[in-house]
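As written, the chains take the letters A, B, C and D, and residue 1 is the first residue of each chain.
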Amino acid sequence: MTTSKGPLMTAAANPQTPDTGKRLELYRLMQACRVMEQRAYDLFMQNLIKGTSHLALGQEAVAAGFGAAMREDDYTFCTYRGHNHTLVRGVSMTGILGELMGRECGLLSGKGGSMHLMDVEKGAMGSYAIIGAHMPIAAGAAWSAQYRKSGQVSVCFFGDGTTNIGAFHEALNFAAIWDLPVVFVCENNLYMEYTPIGDVTAVKNPAADRAPAYGLEPVVIDGNDADVVYAVAQAALEKARDGKGPSLIEVQTYRHGGHSRADPGKYRPDEEVAAWKERDPITTYRARLLADGVDEAAIVAVEEEQAARVDKAEETARNSGPPPLEIADTDVWADGSSRWRN
Amino acid sequence: MEKLSYREAVSAAIAQEMRRDDSVVFLGEDIAAAGGVFKTTEGLLDEFGPLRVRDTPISEQAILGAAAGAAMTGLRPIAEIMFSDFFAVCWDIVVNQIAKTRFMSDGQCSFPLVIRSANGGGARFGAQHSQSVENWAMAVPGLKVVAPSNAADVKGLLAASIRDPDPVLFFEQKSMYGLKSDVPEGEHVVPLGQAAVAREGSDVTIVALAAMVPRALKAAETLQNEHNISAEVIDVRSLVPLDTTTIFASVTKTGRLVTVEENPRLCGWGAEVSSLVAEELFWDLDSPIVRVTTPHIPLPSADTLEDAVMPSPARIIENVLQMAD
Amino acid sequence: MEKLSYREAVSAAIAQEMRRDDSVVFLGEDIAAAGGVFKTTEGLLDEFGPLRVRDTPISEQAILGAAAGAAMTGLRPIAEIMFSDFFAVCWDIVVNQIAKTRFMSDGQCSFPLVIRSANGGGARFGAQHSQSVENWAMAVPGLKVVAPSNAADVKGLLAASIRDPDPVLFFEQKSMYGLKSDVPEGEHVVPLGQAAVAREGSDVTIVALAAMVPRALKAAETLQNEHNISAEVIDVRSLVPLDTTTIFASVTKTGRLVTVEENPRLCGWGAEVSSLVAEELFWDLDSPIVRVTTPHIPLPSADTLEDAVMPSPARIIENVLQMAD
Amino acid sequence: MTTSKGPLMTAAANPQTPDTGKRLELYRLMQACRVMEQRAYDLFMQNLIKGTSHLALGQEAVAAGFGAAMREDDYTFCTYRGHNHTLVRGVSMTGILGELMGRECGLLSGKGGSMHLMDVEKGAMGSYAIIGAHMPIAAGAAWSAQYRKSGQVSVCFFGDGTTNIGAFHEALNFAAIWDLPVVFVCENNLYMEYTPIGDVTAVKNPAADRAPAYGLEPVVIDGNDADVVYAVAQAALEKARDGKGPSLIEVQTYRHGGHSRADPGKYRPDEEVAAWKERDPITTYRARLLADGVDEAAIVAVEEEQAARVDKAEETARNSGPPPLEIADTDVWADGSSRWRN
């Protein structure tokens, strides 16, 4: 791990233990993500979710850590693997599952799909399915916040594989020269789809080793430790809000499953998968809470609450019909239509 | 009325809109301190300051990404892509992000932004700085596409584009930057989606865009004077929204249609207009529909070669005469 | 004959050509070790080794730039762009570099390369992974554009594309990957630029491409059985070169033309074919030319919505019947 | 300046003095570039060159140093500012001036123009006018050389402003992971068109400070010293030919004139221009040759030879007619035609 002495690495090295309320919130957010995505997996198996879907099982601490640290009006930009980043902003679980299932109750009435979750009111500014594209867009939202002096920060999540595409480079340089309030979070889960990231990347840490190319501090943190993520997120958000510009944070984590629905993930050594499952962000966090004396009943209450929540969400989504066909060609334009002629 | 060049009308429109709306911001390469490589944006930095008029690196994806993100969050950005050929390096942001996100989000967010770009041939810049690419944009759902043929329309249509709640690709024909014409003084806004009848006529309808409009008008004049053919010339002005009402009214009257476009041959707006008429006004037609285009080639650089391949008044006349045979 | 899926025909063609020509190399994301995300390239790494079959980073500009540079200097690269929507992130290399450099260089260099890509809707992938973008390519001078409708053509046309001295964009319709059909065993090459008469008929010509061909055939069957209308179905196969001979022969015979395309409405190949016919075969036409397309919208994700907007046999039938009225 | 200890910086710090023959060749190449571009400028003023043109007056040592070091079958990829890089490969001066003038004798018969010079037989693989685009293409030619085991090296020239576009990033990473024999040469002339490079770049040395992001040695050299450029070029070419992969070399230099025909270059402080003109690569090299005892007659002979050459080239080009109109629509395809239908 890089051992820089900047504010972010300091936060990573000495994460202040948040109060129990916050820690239970982190646990709750992770649980919510976990049960929702496990349910999504089951719904696939029943062919109730069509198309594709990219789960982040195992990566929940990243979404939760940032979700817990962000201000209500901050912006999230994420990817096709963005169910969790969207959910932690307070977005409806029913809306998300409904969208995956293509139902009327879906967040986007079935027009977006699993790769495009978005809830502008909650600051979930969209999930983008073209690698890297959302990075300059996130910078643009940060520019807007800077111009409007709103104090909002834009947080942009992406993967290790994304660090090799042109838009990554342009967005980082752009954000740096304009001191934009944007936090770029690279979730290094070791794979670009089926290819180990090291096979296609000229440096060891695909994001952190590039940070100096943009005048930024190299930062690599443990993405399976919600406390660490939370602490670093707070530091980066504060830095951005203070007008001190962007951050690039490399978060080491792992997806338990394959890249997408179609992928059993067999290209990964069994021991590697086993080792990371040992480091499951949720079970380890649960153990830590208990060790730190948090009441098990409070933990179980969170678990039961989220289990009930996902059951309810699934039920509502199942009972929701397909979207009305009339909406298929609406909302191309601001007038609600798709009319291209008079 | 004041006489403005096509170039001056660009900054006039931007200034007009920046004065009335603080949320209008402007970014691009060399647009601020240098006033634009085509000198289309002179004076804007001085009047509106470096927070609203910003020079960028050579990062077209970042420029348009920034515009997109800003548009989603309350601003009305104007972005310049210096030459329209460069849309190819940032096409994803245009077609996959800006054009689609409102639809995908079930109408949750808007992209009130304008992307201006210098388009087209005639400047002897060679194949990578001379394309007319308004067709690329027309083929993509979610983009409005505007291409003015004179200074008054530059001012009025650009103002309307900036006010429009949807993303507009605004193509400035670089061969026309120096041309001066009358422009209404004071606030001037021309609504999008209204073609102009640039010349009335009764025998044949010539539909043209941008730099092809003056050529069509020239051809029409010769057709009248030398061949006693009365050509109506329609300036399309905006490809999306497309004013089929005006075009159809003319074709219904004349029974004959010629489209004149600078684009290479295949899949241009001329094909779209032609096929619309072939579907909806078939029984009104008195003769085949003719498209005049640049051949399906990249543009050559040498002046003689470039002039030979772009549609000329002579080529338009020739096509109309063949049709009348 | 052997039964191959559309998917298997891809690797069959690549293997066939790599065996006969050492200069054929293949690169793309996850195409080697993983055999492709659509499993179209399984076995190639094993047979041809890691120097000829190479996994790349997510760097589409680098992938196509590498293919271009290799093609200029003696190799015959095949590059995969995983989904055709991603052409937008590397469009410059395609349209400004690969398509133009032979022309600009006065014929000094060639680009014997193939870019394969999974194209089109029907997989419920949403608007950024479902577009049909063969039109984007058709509008650019210097690109050949191929889109097969069955496994035999995948093998034969892909082989021909690899042998072709010019750059070919090869669109594999992802909704068809699982479909099996008869494919000639042994060497199989289908020349570019020849449309296929997929079904003979005398009353109306239906011109279709890729996944729209089976839909057109289905419509033709119903038209025959239920309405006694004899439809001829033409599978265009390659948009550039375009086989106007076969299309025109059919329209001359039937006097009626319907084009069926998956693309959004504006400026598609259907408009091009329609306007060609409106110009050159006008006097042979007995009725307006009709284009059936997806509406001018991004594709929605939900299965019900996606099915509703893409051209269906029912929509084709309806259009033909209206025409016959 | 970066003070790395790698082979390239070592070559830059201690350039071996080439023999007099080679030094006169370097001088000859620089003279050829200078007189040709000065003549191009004059021809503009007479409106015999239309369109635009981007001169590299003041940057000649870069083209010359590489030109003198490259093997005959190596590949050059350059930009719109590429007259010199093309010329030094042994390309006809008449062909270049003729092309700028749009004449039949032009290198590309008038179809390419000033921004697209190319002579494949000489290894001049093209001048590209979209920023950054030629970088992955140069990598591709290097890949081909590697695959064919031909020992050829691809050399790719570009400007400081180009380091901020996506293609730069993709090409560098790609070349690095495949160990491609390609040398990327960033001519840092301090300006991206009219904008000082520092205003739009997050790091001080736009190329060198990014080299580590691709696992490469940071290298900054004096681009106005032909001996230094030549030594570093040799080292980089050798490294590439030895299978040791790509290099990224930042060359500090300056253009005496504006960005292009239309630009008087007024945004630059007078003292800056004056200081760099003092450091003119040609006059300084001439003085050094004299100081090192090279016979002035030999130097003058080179000057007279090149003066005569450019006169002859101009005359031939002036006497050449416009290209035949029939060629305007040829050579879209390998069969020589532009036919898109049967």
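Here is the rule we go by: a contact is a pair of C-beta atoms (placed from the backbone, for glycine too) under 8 Å apart; a residue touches a chain by one contact, two chains touch by 3 or more.
Please read these numbers as outputs of a predicted model, since none were measured by experiment.
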Task: Look at the interfaces B-D and A-B and say which one is made up of more C-beta pairs in contact.
output: A-B
Query: Most remote chain relative to chain C, going by C-alpha centroids?
result: D
Field: Centre distance in Å when chain A and chain D are each reduced to the mean of their C-alpha atoms
entry: 45
Statement: When centres are defined as mean Cα positions, the distance from chain B to chain D in whole Å is 36
- request: Using mean C-alpha positions as chain centres, tell me how far chain C is from chain D in Å, no decimals.
  value: 40
Message: Quick check: what residues of chain B touch more than one other chain, meaning two or more?
response: 56-57, 59-61, 85-86, 88-89, 92, 96, 103-104, 126-128, 141-142, 240, 265-266, 295-298, 300-301
Query: So which stretches of chain D touch two or more other chains?
result: 108-109, 111-113, 116, 128, 130, 133, 164-167, 170, 173, 177, 199-201, 327, 332, 338, 340
Query: What residues on chain C touch chain A, complex-wise?
result: 29-30, 33-34, 37, 55-61, 85-86, 88-89, 123-129, 265-266, 295-298, 300-305, 308-309
Message: Taking the touch rule as given, give the residues of chain A at its contact with chain D in the complex, in rising order.
response: 164-170, 172-173, 176-177, 199-203, 209-210, 212-216
Field: Of all residues in chain D, those that touch chain C in their complex
entry: 75, 77, 107-109, 111-113, 116, 118-121, 125-126, 128, 130, 133-145, 147-148, 154, 166-167, 170-171, 173-174, 177-178, 327, 330-336, 338-342
- prompt: Which bits of chain A are touching chain C when the two form their complex?
  reply: 50-52, 102-103, 106, 108-116, 128-133, 161-162, 164-167, 192-195, 199-201, 262, 267, 322-323, 325, 327-329, 332, 338, 340
Message: Going by the contact rule set out above, which residues of chain C touch chain B in the complex?
response: 85-89, 91-92, 94-96, 99-100, 103-104, 126-128, 135-136, 138-142, 240, 263-272, 274-275, 277-280, 282-283, 285, 287-291, 295-298, 300-301
